């Protein structure tokens, strides 16, 4: 299932676009629409797309879209989930929660307004959360007479913006969600555009595959079976494990031999291949990372962090978690914070909630890290205080 | 001619939110129905007509309770007609059938569509009767429309749908104003959303085609005002 | 014809990860809350998968005494086959005092379900419960987190929920509070059925269409006998259910009248003289 995050300024047409996608892929909850259709018929009113958007908008409000919710649909045999992230500034932490699960982001920009504060903020967030695939949808083309000139100008500006941030868009699509141009159906109003429609881009999206040669297994905990067997449970993030092979156990780097592999269910081996239990030659504990190759182990890292609940200041102490690893940490230095309005870096000693900044963090114990492009799970960290996640980040 | 449009379940907040000018008229406000233990349709309408609290009497046999013309403000007028007014001239079969299907909807035995169809059908019948009467020469004509309440109980939370319903009630009001000199619109109670459904709210709605200052009148005190129009 | 539905592996892996996280955090202070419907049975199956065929924590069933009889039969069967440490919680006091659906469905649910659960949680000192809710079930559920805190009054304040990022969950421990852990949150109704089919998980046959009073009906969700109604359907096998779900757009809960709002409305409408 492809998870799509929809982000952008509040009034740039997110709900209309979601409505349009659902309407044109015939995924709308028929029940509700039928009722409206019936009322229209009986009362002599015309039914149009505005009702669809209104009805959907109503439903979103009902769900009080203060945080990301999921909208499912399928098209041409492929399953999709739209992560509907709200655009309000104060709910940005909930947006981060939603976007962090996405495979691809659609950044919506209204043709008649261009780049706004939220556009920048959201784009910066996409980068931080490690979203690699970004599709830019320039919406409301109908309001600018489907002008190629305006589209090209916005495209250039957005491209520059994304470059500043360090993002690369896989496509720029001129659309009118309201009229349905280039969303699911190719536009007749923009013959000058030869690219794919939004849904085609989503259908054709190839997600990067991990390096199958590199084994990475993160230990969740030790489970003792009724028979007294001690099984090391965890998640196989990449590669394979063979019985009898010797792996390195990080952060120590010691050798351990795999004496046996137990799958969760002896009946069904077709699944759960990523959640095995291992019988090992040595005692190891939660947080260890097993691999057949050398992994980076660090006691000090530079990372971009996004403060969610509380400010992160120099000297602050937290608990850092990175997948199943955990260690005490201290913010050694804040290098800079990104001013969301100007996207300029500013010198500061703190990162306030909803701000993004770069900092150096010192750890009490060594931990395994990877680059976001290789093993994303080992590049994503959270800072925890009293059991609560107060910031998220990505190791640079 | 004076016309009273009795719109069951018309909600003050929706009238304002949907900007229904034809329903707001020249002056409008909420009514006070706090003298009743529950906002029950038959009770409120018969109390409005008679100017006294009928709750105790009506509760004995709600949908068979009817007040007599001489007990109501109609007695102050020569030529009057009241269409389908609950607790007075209501057409029992229509309401009994609507209640029966509503129950089925909540029990999952009938679809909303089925229910809506029935409501719209009945609405058209009453509307026809009303428009016919509007062409005659009455001193006072009152017609009751259950549409907003009937649809509202099942769909008050679906604003788009309710907007369509309120537009329809506006159309009726507009047509009425082309004929009648004075138009008084009143609802027994408003509604509040419970998920997609609708419950009664604890105030009603009134509006008048002329500028009057009624404030938030007690519904049982409105009899005096209607009689003053004679 | 044979679709592999590889994405089910992802759903499964995520659930197993969450189940293990909950177990390693809470150990024996964790319980699996089951209703023996398709979702909680699938969850229980995943617990077994996470721990190599064993269920290392108690399985808690809130018994209102009004459950469909097939549910009790199914419970006894799985208890034996899966070797479950079953705790059956009943609000005996309320039952003795005559509580039942005729007292009003809302009151009945509160006394026989909510209160019974509260008591069980207190009595056994559970700090966390695995609960098989899904995000696509109901509007309000879209707001749930994988680890959702409940305060000592069992209240859930969704506006104050701690954020969840990636595979990290916030667990803030407070006196008397417990955590609802939702390993099935990301599954949809159709995913559950596809998975049941693939893994051959046992389900109660109430889910399959049978003739009731001349109509073909099946249960889409289960619960207490007075409060669930079967919906019209011709799906007699898992394959037919999957096919039906691939084409239908009627919400699952259409057949579940103890939907709180519906229950509340029916009580109100009765008071207002409509019913």
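Order of writing sets the labels: A, B and C. Residues in every chain begin at 1.
In the analysis below, a contact is a pair of C-beta atoms (placed from the backbone, for glycine too) under 8 Å apart; a residue touches a chain by one contact, two chains touch by 3 or more.
Being a predicted model, the structure only gives us computed values, none of them experimental.
*Asks:* Graph of touching chains, which shape: line, ring, star, complete, other?
*Replies:* Shape of the chain contacts: complete, all pairs touching.
*Asks:* Determine the chain that sits nearest the middle of the structure, using the mean of its CA atoms as its centre.
*Replies:* Closest chain centre to the overall C-alpha centroid: C.
*Asks:* With contacts defined as at the top, give the pair, A-B or A-C, that has more of them.
*Replies:* More contacting C-beta pairs are found at A-C.
*Asks:* With centres defined as the mean C-alpha position, give me the subunit B-subunit C separation in Å.
*Replies:* 43
*Asks:* Using mean CA coordinates as chain centres, what's the gap between subunit A and subunit B in Å?
*Replies:* Centre-to-centre distance between subunit A and subunit B: 52 Å.
*Asks:* Can you work out the whole-Å distance between the CA centroids of subunit A and subunit C?
*Replies:* Centre separation, subunit A to subunit C: 28 Å.
*Asks:* Enumerate the residues of subunit B that touch no fewer than two other chains.
*Replies:* 195
*Asks:* Tell me, which residues of subunit A touch at least two other chains?
*Replies:* Residues 31, 62.
*Asks:* Residues of subunit B touching subunit A in their complex?
*Replies:* Residues 112-113, 116-117, 120, 151, 155, 157-161, 164-165, 167-168, 195.
*Asks:* Given the complex with subunit C, which residues does subunit A contribute to the contact?
*Replies:* 1, 28-31, 59, 62-64, 66-67, 69-70, 72, 79, 93-94, 96-97, 100-101, 220-221, 223, 225-226, 231, 233, 235, 262-266, 268, 270-275, 277, 286, 308-309, 321, 323, 377, 380, 382, 384, 386-389, 392
*Asks:* Where on subunit C does subunit B make contact in their complex?
*Replies:* For subunit C paired with subunit B, touching residues are 229, 231, 254-255, 257, 259, 261-262, 264-266, 268-269, 271-275.
*Asks:* Touching subunit A in the complex: which residues of subunit C?
*Replies:* Counting only subunit C, the residues touching subunit A are 7-10, 12-13, 16-17, 20-21, 23-24, 48-54, 56, 135-136, 139-140, 142-143, 159, 162-168, 170-173, 188, 198-199, 249-251.
*Asks:* Note which residues of subunit B are touching subunit C in the complex, please.
*Replies:* Within the complex, subunit B touches subunit C at residues 38-42, 62-63, 99, 102-103, 106-109, 153, 194-197, 199-200.
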